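Presented below is the structure to which this report refers.
Note that the chains take the letters A, B, C and D in the order they are written out, and that residue 1 is the start of every chain.
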């Protein structure tokens, strides 16, 4: 196992990784921007290096400073968490060049699955169902209109280097396509510096289902069950749970097995998530692969008892997971809620500020992934995630009741700070959600007031 | 001011020591020798953002006239360094020192533009770029910072006298870490 | 199920019970003394009634005020938590007389098992091994000396109404017996207002092992595995874990089954714990039964997934547990540490005071049972328990590493406040404890410095 | 003081209102009408313990001379009530009211000795024991508290004028809850 691991991230996931490293006796190095001076991870890590100013492009995305910090602290491996450099094939390659282990899939795999269109070609070839689409960049509005014929409307225009739901535009009918094409292209250029876009059938009403996999260097791939993340706003997940409500066990099992085969076929290594749309007809369509630990990994940990970060480290250090498929027994139900510093009443405007009083839930079968402390400033520079609250119970109904109880304990106050806690409680109480009949449309349109 | 030399040096030491001892976005520090008073003013977190960025930009592309690429004057860059010092143990600030009636003097520091290794000399065995007590001019090279095998020159952003070299030769430094304390002239 | 439950307790267990009641949709009534005005349970409960001044005898032990509060708030049942009135047969009877359900065993059972000597006779008759002893009160030093012959030294003189390790004295040899007899008798009179004492063989070096049972009204009794609570100071448990380290699975299983039979034989109802000494020869000796929820119940919840408070409520409301023995699957290992406001450097002197800063652990597989908040006063009137930290892991070694990590996150500061966190961390690192070869002597003699 | 009557009443109302509005172990409250100033003094938590107990004892076994069984003077019992009010919304305290030069007056409350039901009258339909404005003497019965089917008399602990009855007849009250406000004479 590694002697020293550098965590190239911030917030709750940096703390999450440090926790498991400590438990494994691994020395940790935290890197931080000057906006995160007072983050607990700076004190909890064995060493901390300030790598840049608040803007991520000059700190958490600035590879030279991260790698230099690794060199100066004698780190042997870098855990990228999620976001930032976590799926950056170039960064993974720079790590290799520096003789550092990048804790994630190899650069080739990141590059292949990072190109959304190529990824779909590969996944389809690997036997996973994908939505009809061009799966290659479209050079002009005219070409788009031609291609559309073979796809059928509605159509979504997506950025090739896209992700997080940005750089997308929807055309409900042919007449809207040219404008949607232009819009997506501009967004793609602006957001990803890569204006290439492709076309895909747009599924209006669907569930978001994903399969957690774990792969070793030698084709050992196993799954840890499926999650439902259908409660989303602007493609940002708000509530995640496992098992997938209403999905028969055998259907879920088949989905997981097919995903494992595909993951093996594409040479997937490390922890990853294969995302699917489950449409009204009950059909699954693979839409992308997240080549990293997911924000929502705790629900999987709660029903399996597997520490996914520990397994990431096992794979990175030894080439093999510390567990086999036989060790993975799914038990009970788990739900996670993301507590964000956002004001639902003002279009989920982030509400940075200093936390005056902070109470997070505790008690039976309740897990909190935190990083904010009383008196700490919630920075305006990064995502507004204050904490993740997860609960386990023998069944979904008890888990929902438990989460309601847990949310009722959350108190985060400070000048200007609002949180999504009330909004989440409202969603939990929504009949569609309680019945597990909700789609990705629920949170978009939900108004607690 | 000559006869105040020692006192000034002492006050500088205390100022830097104080700044090192506290966290928090300190912005301005007042130490009065006479009726020992010590006032500290904290930075406005809002200002932090762009200031920090401006400073970073300025520090990175620091040119011989101490101007950032976006044309920020060295003074601004210094303020940026100051404000960006938010919460750091050894970071930039300014202290107005009043010694029974003597004119106030501004104490500044030269911060590290990134993570790297600090070198005082052009090459091993050579004379250091600057020594304590030296006068420096804006843009004058005062050290080398090695990062990712590249040797980056560190320049003075303002004119003044080096009062303290805060880092050992060949030591690892982090972003924003104070390298030199100088008394602006 | 009950509509309204009154919790006749304070601190972490009151909050613990409120949490499960909320999850079950049960309205809660908290009662509190004027020293506990700012306890979070006062706000979290649906209703709160101040029942008396700080001294427990005038509030948490003052039955008339508790029962009057129940009447005024329309409570149907009273959950007594642990300590205070939880094992008071008279209180249980007063509840009955008031038409209230006492959440615990019936008064007869409480009376029978509350008389330590009678309890041993009954348990022995029920087939459990007990230590040689008089199992009846001894009227004089002379009688003690006579009886001693049939028991063998060393001998411990115990208060009939004893508990919590008070009202006891040890005689290593015959010459010490008369003085030990007198000492125990005086202590018993002072502490329990009942000077009756009995003799029992004293086991110097032993493990403390206990079995968690759950009984229904109609002889349905099941067990939830065994716990090891050998880390004690002055018979106060500091660290508890499950499974029992080093105890072969089949031996543990047999112990649990015999305990279930005995519990059925004595008509045990509700959640209870049968305590045993495991001597160097590998023999078990039942020493007493705790007729209530235990402080250390979370470790059992972590390995079984069963909410024990929920089951207490099920039994009290319906006469039957909501689960059967078949539902109880033990998985992994769990450890609990009690964080007390005590100063190990000053003989574990309680250190009441106002909590200025408070950080409790969080993260993967980490459970906290809390009740203290930043700015809250830790009262000098009650036990100094600040929080319980519990962790789960697939095996004991990982659980120990996880607990070490969790303890390293605990920060409780305030003028005059010390905690046992460092002492606990020292114990966790002790070779004897790591090897699971420790006895109840470990913590008594341990000096972290 | 007659001409000050209204003002006193108003000040009392505000004092009680203020005490009701705050938590925290308030010990002494000063309201100055002239240059509207309001001073609050908080209780020493240490004092809380025995004082509370003394008071409880005193309140329980309250005898006609307002002495607790342990012989604590009513004054002490009052202080106890005061200090014991730690954190309660509507609990006992004392307020010294200064009206441009008028003599200070002590405002006290009679707290409930336990949890129960508060009755103003000896029996249904009968005259209440006391009305607002009545003068009471130490040990005089002012109400009944029913707890566990027992009728417990509530006595005034000090001499004074009932300025406010703080609880509705037949209402449930908790330990330490203020039942009457009175102005000590």
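Everything that follows uses one rule, which is that contacts are C-beta pairs under 8 Å (C-beta built on N, C-alpha and C of every residue); 3 or more make two chains touch, one makes a residue touch a chain.
Quick caveat: nothing in here was measured; it's all calculated off a predicted structure.
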Hide subunit A: connected chain groups?
B | C, D
Minimal step count in the chain contact network, subunit B to subunit C:
2
Rounded to the nearest whole Å, what is the centre-to-centre distance of subunit A and subunit C, using the mean of the C-alpha atoms as each centre?
42
Just curious, how far off is subunit D from subunit C if you go by their C-alpha centres, in Å?
41
Inter-centroid spacing, subunit D versus subunit B (mean Cα positions, whole Å)
63
Centroid distance [mean C-alpha coordinates] between subunit D and subunit A, Å
60
Which residues belonging to subunit C are in contact with no fewer than two other chains?
none
Please list all residues of subunit B that touch 2 or more other chains.
none
Can the chain contact pattern be summarised as a line, a ring, a star, a complete graph, or none of these (other)?
line
Pairwise, the chains that touch are A-B, A-C, C-D
Along subunit D, where are the residues that touch subunit C in the complex?
23, 45, 48-49, 52-53, 55-56, 84-88, 114-117, 147-148, 172, 174-177
Applying the document's contact rule, which stretches of subunit C touch subunit D when the two form their complex?
34-35, 37-38, 49-55, 58-59, 64-65, 67-69, 72, 377, 380-381
Okay, in this complex, where on subunit C does subunit A touch?
15-16, 19-20, 22-25, 40, 44, 298, 301, 305, 307, 309, 331-332, 357, 359-360, 362-370, 373-374, 392, 394, 398, 401-402, 404-405, 408-409
